[in-house]
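Right, I'll just put the structure down here and ask away after.
Labels run A, B, C, D, E and F following the written order; every chain starts at residue 1.
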Amino acid sequence: MTKPHRIVVEPLVRTALLEDLAHGNDLTTDSIVSAETHATAGIVARAPGVLAGLDAALLAFELLDPGAVRASRPRADGERIERGDTIVALEGRARTLLTGERTMLNILCHLSGIATATRALVDTVAGTKATIADTRKTTPGLRALEKYAVRCGGGSNHRFGLDDAVLIKDNHLALAGSIRQAVARVRTVAGHMVKIEVEVDTLDQLREALNERIDAVLLDNMNPATLAEAVRIVDGRVITEASGGIRHENVRAVAESGVDLISIGYLTHSAPQLDLGLDIVL
Amino acid sequence: MTKPHRIVVEPLVRTALLEDLAHGNDLTTDSIVSAETHATAGIVARAPGVLAGLDAALLAFELLDPGAVRASRPRADGERIERGDTIVALEGRARTLLTGERTMLNILCHLSGIATATRALVDTVAGTKATIADTRKTTPGLRALEKYAVRCGGGSNHRFGLDDAVLIKDNHLALAGSIRQAVARVRTVAGHMVKIEVEVDTLDQLREALNERIDAVLLDNMNPATLAEAVRIVDGRVITEASGGIRHENVRAVAESGVDLISIGYLTHSAPQLDLGLDIVL
Amino acid sequence: MTKPHRIVVEPLVRTALLEDLAHGNDLTTDSIVSAETHATAGIVARAPGVLAGLDAALLAFELLDPGAVRASRPRADGERIERGDTIVALEGRARTLLTGERTMLNILCHLSGIATATRALVDTVAGTKATIADTRKTTPGLRALEKYAVRCGGGSNHRFGLDDAVLIKDNHLALAGSIRQAVARVRTVAGHMVKIEVEVDTLDQLREALNERIDAVLLDNMNPATLAEAVRIVDGRVITEASGGIRHENVRAVAESGVDLISIGYLTHSAPQLDLGLDIVL
Amino acid sequence: MTKPHRIVVEPLVRTALLEDLAHGNDLTTDSIVSAETHATAGIVARAPGVLAGLDAALLAFELLDPGAVRASRPRADGERIERGDTIVALEGRARTLLTGERTMLNILCHLSGIATATRALVDTVAGTKATIADTRKTTPGLRALEKYAVRCGGGSNHRFGLDDAVLIKDNHLALAGSIRQAVARVRTVAGHMVKIEVEVDTLDQLREALNERIDAVLLDNMNPATLAEAVRIVDGRVITEASGGIRHENVRAVAESGVDLISIGYLTHSAPQLDLGLDIVL
Amino acid sequence: MTKPHRIVVEPLVRTALLEDLAHGNDLTTDSIVSAETHATAGIVARAPGVLAGLDAALLAFELLDPGAVRASRPRADGERIERGDTIVALEGRARTLLTGERTMLNILCHLSGIATATRALVDTVAGTKATIADTRKTTPGLRALEKYAVRCGGGSNHRFGLDDAVLIKDNHLALAGSIRQAVARVRTVAGHMVKIEVEVDTLDQLREALNERIDAVLLDNMNPATLAEAVRIVDGRVITEASGGIRHENVRAVAESGVDLISIGYLTHSAPQLDLGLDIVL
Amino acid sequence: MTKPHRIVVEPLVRTALLEDLAHGNDLTTDSIVSAETHATAGIVARAPGVLAGLDAALLAFELLDPGAVRASRPRADGERIERGDTIVALEGRARTLLTGERTMLNILCHLSGIATATRALVDTVAGTKATIADTRKTTPGLRALEKYAVRCGGGSNHRFGLDDAVLIKDNHLALAGSIRQAVARVRTVAGHMVKIEVEVDTLDQLREALNERIDAVLLDNMNPATLAEAVRIVDGRVITEASGGIRHENVRAVAESGVDLISIGYLTHSAPQLDLGLDIVL
């Protein structure tokens, strides 16, 4: 798993810390715990799942108090963990551990929740050729991290923004008049390193799309039978992506249609957190 | 519901838009849709729930292209909506609608999901004296908005950060030596406008806490019977808050113990989004 | 004294340094002093007072040139110092000392001036039960630091913003219609960790306020005799705060009325700086 | 008076507002005052003085709620005002007036305090050729505004940073070896648009400085008689500036020595605020 | 030409204005020109070329003083202009025009210089199938705008960053061991919307690359004859890009080799500005 | 050469890195190169020139991955380098070297290009008294660095912004009515540390300007003969600056007119980059 660079992650972690410390102090810890008190602590799993986001989470301690907390990491992002597992062993200033605890956990539990949800779907479609992918339905400000969490769970990333790939949707088609027109206009702007995907609702639209030089088709809201027919029509010429209304219950059926990719907004907009805690030994 | 001020919300919305436009362009829309094309659109509910975050969501269009999109709002934050309801009617530049759509929906669906989850719990405890409250287990960068969404769902806000109220937890107590010591140290720092709450695990600890001048007790991980006993012991002298392991299944039983407040991290760390969509009529 | 966290203070120190270096260079020092020249220096008191702000002040050197200057601190924030005392002994790159000197002193002299003014009032009311408190009449951008300086001088902090506690003033009352209405409306929004104070101008208003569940009353612009009567009426049920027109001359009389708290804007809006200098030994 | 451009002032005003609203809401106003309530208000002088900072102060309302408050200004920056004068008449949303009040006043009272202190000294030296000037002893983050306030009071600005002019002080001289060496090194770096001033402690040093091509001399801590002798020696060849230990009591004597400029740190580091208030008529 | 969104461009223009106004004022204009003086002005070409960057350039006036300057634009980005042509007619506050002039021109002349240089190369290869493309050799902070300028000149954009497409270079190949290994590793990370290009130095390497599922090959530093041979080998299976040492003198020969794309760093790292001026009529 | 302070340079380098990594990852390097792989590398000249910007350029590695890359520097800013010279020897994490390479080179090649162009002109006028100076025609966001590069090339800096010196141009004169009026108005605002230059088009205007107390005259667009006459008229009373239409071809003739300063926008708006490369030895 390639981790997002610190230079991209740091502003978010800083913002999160300032949500707790806007007026300057942790009123509880700063008055009760002396600056000299040291402690050890463990990040411990309270439920099974898949880990994601350790670097970003631990950055909370580092930004709060550079060098004050040392971490050793028996477990790494992307690994499956069981209830009771110690993920990270921490040691250092007690104040920093207590003040940074919530920010650290908020990041780690959220991202691990996404990795866990992704892994569950990836396992469900195991043995098919389908890859589970994310969408742009991410939490504001967390896209790079959430898409990293999807990778930790064994999923694949769809485009990262509106600026790195082209996805021509129904509204674009309506305005362009035809798939041909839409692709032509895009080609006048997009460079040679930009992939183009077209969303189609019907098999007729699919056939129309295949007449153009495109890289992928998004098969929107089709049932498994129609998807299988679409895969036959495409016959390997472009990447096939199923999307819309896919959940745990039907993802296997969708995968068995033979599509290359199944994209699921749920991974990043509705996955519950993974329950992890910080046990401090003072 | 008092909305977070725009000056606080704007940086998050700007960050979210830049996640889509970091390299400068919406490659698809900017090349297919002309700057002159206008459209109307409706934000439509695809599931029932409670609305939250309209101002923040619509700010996406305003920051993207000031004045380009006008909104009329048949529905307001905090209202229950049904599948099929039109929440907002939009009219303006088609480009702005298409480019801002995802950021707008990511904000609105996430916050409405929290309001919906909150409302479900609030309704479940209706008739008891218990208030449903949030925690600091929020998504990094979204705390002010998520706590607003909890209010939209009929819930109440616990403290906003480590800087606006004191909550003395088990680790603080261990370091201070006793509840008396901990409260004394806090009093040397916290001004007269700061409330103090103490977390207790047992009824003995509760009795010890009640000897101090505090404002609230957090009754951690107690079952309904113990909670009821705790409420009897407190006898109205301080606010009683139940916390830990409370879910939809047991929240009513907890509420019937007579506690004033039930705080639930789930509201902000695991509530699924509310499904809303943007229907564009070109 | 609990110090504001570095993550909150750093942006202000950075801004201050850039006020001196916006165009990139210290034209004088950078051309005259070589990068290799080392020096020792002492921060020395040129007048007696109380120290505040050492961490923030010394951060100027650290942000300018990480690791270039080492400091040993014979004296600490909150201590009384006499004319001629050496507060800090510095050693390191001469350039850094010379370029950072003014920013460092501007922070330290300003905050120590506030601590000194606070201590003078605290001493004046010694033996009474009154605590000296600050207000929100702070210098733009320096609130967390200025409130810390008040703590260094032995004072107490009133609320930090409009977002951490409720103070219902005359204008709010006028709009709400009555104290009862105002408190009721606030209760629908403020969580259980928020304290509520009501400003009253007369003893009748005070009696009205005491009928509501509030935490404190601000007794506005009352003379010592009226304050004493107010304290008798309150009889310990809520915190009593005297405010308005209180200066060094009359603060003792106010304190002897028996109020819990005396809040004074002067501490943060008009305290003169404490005269400290940097003596460099090249 | 040339006002600092809005693009420079806006970040400070935004920071100041966020000190009050970090967690999102004005808990008092937002819950008591409806968004529809309008009010009129007046900024009124509670003491005589000189006005400074109206644009920056009123920007608080504009950033909080664009277009919500309209202002008419009977009085302008730089004007003398008397107790009871209405400085600005405001009209608009009551919420915005109440929430922005403190930030607005904190800016206006602070800057007007500086203008008032400056004007008092300017008047004291009236009839002499001396100009009253500021220093770099300003409040962190407020330099551009505080130096503007000095201009509003009839004073003149010394350099704005370390980057716009050269002032060779005793420490620089010690490191360079001689005034000649110091000026020579500076000339290798500073462009033709940079003025050079040298600080001298004695008349011998003054004579040495006058051998170099410099623009001004800072006569440090000299008494009026020595200053008069220095002025005779300089004989109009460079600008003469008196500095160090000058206060209201001795500024006239210093001015009568014939120096061109008297620089006084007090103006920006210790001037008390001017008492102005906001009277709201609901 | 699709323009970069304002939300992306605004920070750069703001930074540029602050380079001129860091200490708050335009010392010359603010003192000489009254706030009421109006003027008309024209942006006029002093040399022939291609226009690029009008929106970004005019944003300087808008950010400086919202609404103070109105512009009518006889000419648009991407158009060829002749010496003497009026590009934009401006009307409004004289102060704003004078203070914003340099920032506006610095942006417009720089970007138009890039568009002009691009157009010259595009014209030189006219009639061949080759497209002229940019690189990541852009000026720090200006990438989105410079790549837009290349589009204005008729060129095409290579990838925008390291984050939107894959380009496997010699160093990557050395570390991976083989092209096969390198592509395989990339495929484990890059999603289906990411294009992959491989840099090859020899025809043998080219043949090796064509065995993998890639989208483009960068033919590095090959002469026209070798390029022609490479094009024959590729036979339309992937996009062919020539790069390295290509200048005005040899670009036609390179284009005639039949490559799809010629990428040239010169466009963005060394194109001289286009000479445009602001003629103010007071 | 005095280098711009890191606190001023860092934001630009950070922005440049984020242009490459906005979405979080270097898709190519992060997937192919392991975090443990080390490498050595050299920054090597591919053309002769003058070096400028090493600190700023190497900051790219440091911000990307603190401590990951160590540099030894055989050559320093301001030195002449020949094709093939190794400028810097680097050693450290291969990933950091590969990901930071382009940002590092974009900074170093651009600034060294400016230093090289400056040095060429400085050498051309060697033996005359003329100094080569820059202008405010700089690339947005890079002014402090570009003006430093000019110093590295042996040139001198004109003013840095509109805020550090006064230059009265034709438009200002037209609005003021006369040079006398313009200078008088400026004197009411500009402090004693601000230099004043007046732009003149004719010798008559020059004579008029010399009647005022100013520091320099900008002789606009005059031919060498007229410049020589102007120098005679000025007779050393103020600094003389030639500007307008000066290029490599005519700069020597201009210099021989006897002017003090020749300012040339070309240095910063049109100098081609210096070709430097990073050779990595894995």
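The rule is simple: a residue touches a chain if its C-beta (ideal position, glycine included) is under 8 Å from a C-beta of that chain, and two chains touch if they have at least 3 such contacts.
Remember, predicted model here, so these are calculated numbers, not experimental data.
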Any chain that touches subunit D and subunit C: A, B, E, F
Chain-contact steps, minimal, separating subunit D from subunit B: 1
Angle, in degrees to the nearest 5, of the Cα rotation that carries subunit A onto subunit F: 120
Type of subunit D:subunit F copy interface by residue overlap (half), same or different: same
Which of A-C and B-C has more C-beta contact pairs: B-C
Distance from subunit F to subunit C - Cα centre to Cα centre, in angstrom: 44
Subunit A and subunit B: spacing of chain centres that average the CA atoms, whole Å: 22
Centroid distance [mean C-alpha coordinates] between subunit F and subunit B, Å: 51
Residues of subunit A engaged with two or more neighbouring chains: 2, 18, 21-27, 30-31, 99, 143-144, 160-161, 163-165, 167, 189, 194
Touch-based graph of the chains, sorted into line, ring, star, complete or other: complete
In the complex with subunit C, residue positions of subunit B that touch it: 1-2, 131, 133, 151, 156-160, 163-165, 167, 189, 191-195, 197, 215-216, 239, 241, 260-261
Residue ranges of subunit A in contact with subunit D within the complex: 18, 22-23
Residues on subunit C engaged by subunit D in the complex (per definition of touch): 12-13, 15-16, 19-33, 37, 94, 98-99, 102-103, 105-107, 109-110, 113, 136-144, 160-169, 171-172, 174-176, 182, 185-186, 188-190, 194, 266, 269-270, 272-273, 280, 282
Residue ranges of subunit C in contact with subunit F within the complex: 14, 17-18, 21-27, 30-31, 63-65, 99
Residue numbers on subunit D that touch subunit E, as the complex places them: 2-9, 143-145, 147-148, 160-161, 164
